[in-house]
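We call the chains A, B, C and D, going by the order they appear; numbering starts again at 1 in every chain.
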């Protein structure tokens, strides 16, 4: 961590700041130039509150050399993490296909879809029981009953299930859920993240709509700081000025994350684009870019889906996506 | 609400969709052109799930004529709402000055600041007890103890207090708090909003970092749908590409909101800009633009503040802001 | 085109507006509801100035059903355009590899790189002669001499050359250039676009840093309106809040454009990400997503390149990219 | 300027880079820590190409301490610049009101508006002769004839005139124009900026739609590097995700620029918001924030304006804006 001091900082002021840094258990390397005095702060600089340091009167600017995340950081954990999910794995050599409807609607629907997507290559089943909707007047999900139906579908097909949590008080209902999803709008719901850190469940952490990669990793860090290291990151599009797609899929986040962290990264092309017609090309792009998997909305009757219909694929379309992705994975391994 | 149908929609399909809309208790006005068939949907169109309608195979596009928010909508409530807060008012003819530190640090600190800002014109005291921090390793606030200290400061000065909630389970601790703040990161924490809708406490609802004005009003609607209409909106800067300021203060949101809603809107120039030196000009701009008040970070020792130091004013600087704002308000009334 | 009128529009006003639309040679389909009066405007609605219509006192809002671009529109030209470039083709079945340095530096450099990239699969040579730099104090390119050196390299290798124009007055120097590039910063330099519309040269039109897909197609339309239909679109990243990459590659633009236009779309992963290490995965993603080609910075001595060094590949790295891309293209055709 | 070197840089590599910096006439202050080696580069660091330095293999990151702009920099020119414009002044104690229509349409129109706005307080007349329009099919302005009509209006009223240039080849037509405007879309048309640097005309430089304050000042620097220091900056809204307003007025840019540069900054609330109803509150906000003036669209028949009608004020509305602004300016001086 480097702090550049303002011109005119007195020796007494400089001593004061160095002393304060020492009290945090860190070393300081002082470099006094004609024009500029620079402090190099060495040690576990996560102890230094960057805002506080910048706020000191004699400090012109502060630059972190090392990233503020630690448990998620590849530097301290060079090998890829592989997250074990009830008999299957995410990350490493595996490629994960999570498929299913936006909302669980009925037993018939969810079991029907589960069987179809399993036959076409899905390795996990998704389905929303608790739904975060922008409007209080829109359908909010089947809630506890939705989870029951997902567990029925799991029993029928053996597919592990992924579903979203919106409230830590609901955790008891998620006891048999295989992967708990944190949605984009809750990425910085730190109270929820802390509670999930106390579990040992695999967490699928979606990127917030307008959150930087660094903030996303800090949210992973909240969960990991509690002792739960089973995290799957999921890029689902960011908010930009472009309006042809619902959001803008930040495909380069895959490459950046592979460098910064050991956690697996998957892509949700359905929410990123908001249109079924763009899902296949974006899924292929994700596989080519090195993502560890895909999360895709599939509905057996997309035009009557209770939410997010326009972006759902039919099972047959999902099968085509899986086939295309497997061609690319095979070609790149060759 | 207008639905434009695709070329080639058959009469049978059109009848089907009209029938479905009728089942929602709405009327349809059909306009069949050579090139385009248009359905005008009339009645309480909040019953129509826009995503669902767009998803129908024969629908090309859907356009809402009326806004999806109702309780917050000025059309159904033409007069400005005035929110009563323990003997003072927000909105209407009043101009509100909320001042205080980012974090409550000690009894001496919070009582000292409270006395100073009251003498200089503050009408409410702010102070963070539960702090949402991007990093799990940063200072997280004094929590329950912080609220106790705020209540001490209230007892000493009579100033109503504003403080942030991060978890609905903490509500019992907020019983004596005058205004409960929902922070930017929780603006779409719908579970929290629903719980706050069950109280009758005034809620200060901050705009999310990258949320549209419409989404913000829908979040107000979540609280109001529960029966709590005591909402104060607070603009605190949005995320853009510019980096000289921490966020970009969207000053025009004040004008837009005055048109769309009857709820009062205040401005937080401290968080919007992230720099003490920009607070005064932005506070003056807010007053000139017609904001109902300001929320300003004030610390008696800004360079040692435990968080957000660089953006805090000294009490004396706050006094200058209040003086400038009052000059503008007086001049515009003349 | 649909115009929704305000409540309270009088019959006389409505007749007035209909009459005006008739004078433009268009038909109007009037739909009068209890709550809303709607005008459906039919015919060549490009004649209607949308801003003007919205500005009329009785108009509440205007919605275009058809896109404002015509020559670039796939609806009127369903087949993919294939742009002929001096013996090679862009679009259709071909996949284009444009490679070369950011700036032309010397005869030795440009001929050396040209030979190497040709051997590794490049189908065109790029190199900057006129360089748009943010700072007037940065290297501005070799200008006319740079073009001479590119033509030397073309003579040696047979590779067609692509280079950027910044000023229509320079057109005479571009007479033997095969493809003229319009850079991101000039995407809406309408005077330059009009001049290029008078030539019949293939134009590589880069997307502006913060321009929508619609604006981009309107800029293509400027060139096409002059009679030059030889346009290659190039996505090079858009400006967002994320800072780990220089810009955010909008990979979904490929899919959107394939739907909206018949013009070929290529991707520039070097400028989009700003980092050599991210070029390969993004190039593979582009190929998988269906791009018609790639434009990649290659330098034989990246660390000493006079501009944009950090994002340049070595020729060997370019070879690996081409190999990976070809694997994917082959796999997807299988 | 600070360069942080990578761990593992050898002494020989470090010597090499220091030597290279010396050849640019700069000094280096070396600080070797256990973990990090840092070079402090001292002198006129504008000579260092930041991209090039970052590109060197052993460099981890580069941070500029001083800004890359020089002529525009307040550090080297502490007093506010006052731009003389044909008998009036922009900046300093003056507050400038530039008013007039988006497009010049006829002699009657422009002279009529000029007389009205002058009587109501305008100090300059604006009017578009060459119009940058997104679509080639929209009205492009009266061109040379428009400038003639503006000069007629100047003769009648004495108001200096402001009009936009789109092509350096048109400069001879601008000989009698008082202030030449560079539009947002041409802010990085460096060839145009260089030509304007060779004149001594006052230039009104609008901020690009998605350009940072730093890039904007670098564009001013392009003009100033040619010897023309008569620059007025004009903020006109930036592109964000919000859609209720056409763009988002970045009001804090006024404060940032007052700190960074000595050049005067004015605000264009008409283009920033795109709606007449928001112009007055934003104009008041601009005055309160310390802007040096306003540029406002005024039309005597806004609903029939040939472009940008919805955002034009009537002369009477402009009069109200001027009155409100003057109240604020007077109050703040008291």
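We take it that a contact is a pair of C-beta atoms (placed from the backbone, for glycine too) under 8 Å apart; a residue touches a chain by one contact, two chains touch by 3 or more.
As the structure is a computational prediction, the values presented were derived from the model and not from experiment.
Going by the average position of its CA atoms, which chain sits the greatest distance from subunit C?
The chain lying farthest from subunit C is B.
A-C versus A-D: which has more C-beta pairs touching?
If we tally the C-beta pairs in contact for A-D and A-C, the bigger total goes to A-C.
Taking each chain's centre as the mean position of its Cα atoms, how many Å separate subunit C from subunit D?
Their C-alpha centroids are separated by 27 Å.
With chain centres defined as C-alpha means, what is the inter-centre distance between subunit A and subunit D in Å?
40
How many angstrom lie between the centres of subunit A and subunit C, each centre taken as the mean Cα position?
32
Give me the residue numbers in subunit A that touch at least two other chains, ranges are fine.
210, 239-241, in rising order.
Which stretch or stretches of subunit C touch subunit A in the complex?
It is residues 210, 212-214, 238, 240-245, 248-256, 259-260, 272-273, 277-278, 281-282, 284-290, 324, 327-328, 330-332, 334 of subunit C that touch subunit A.
Would you mind writing out the residues of subunit A in touch with subunit B in their complex?
46-47, 49, 51-52, 54-57, 68, 132-139, 166-169, 185-186, 188-191, 194, 209-210, 215, 218, 221-222, 225, 239, 302-310, 312
What residues on subunit A touch subunit D, complex-wise?
2, 4, 29, 31, 33-36, 38, 40, 42, 60-61, 63, 65, 210, 239-241
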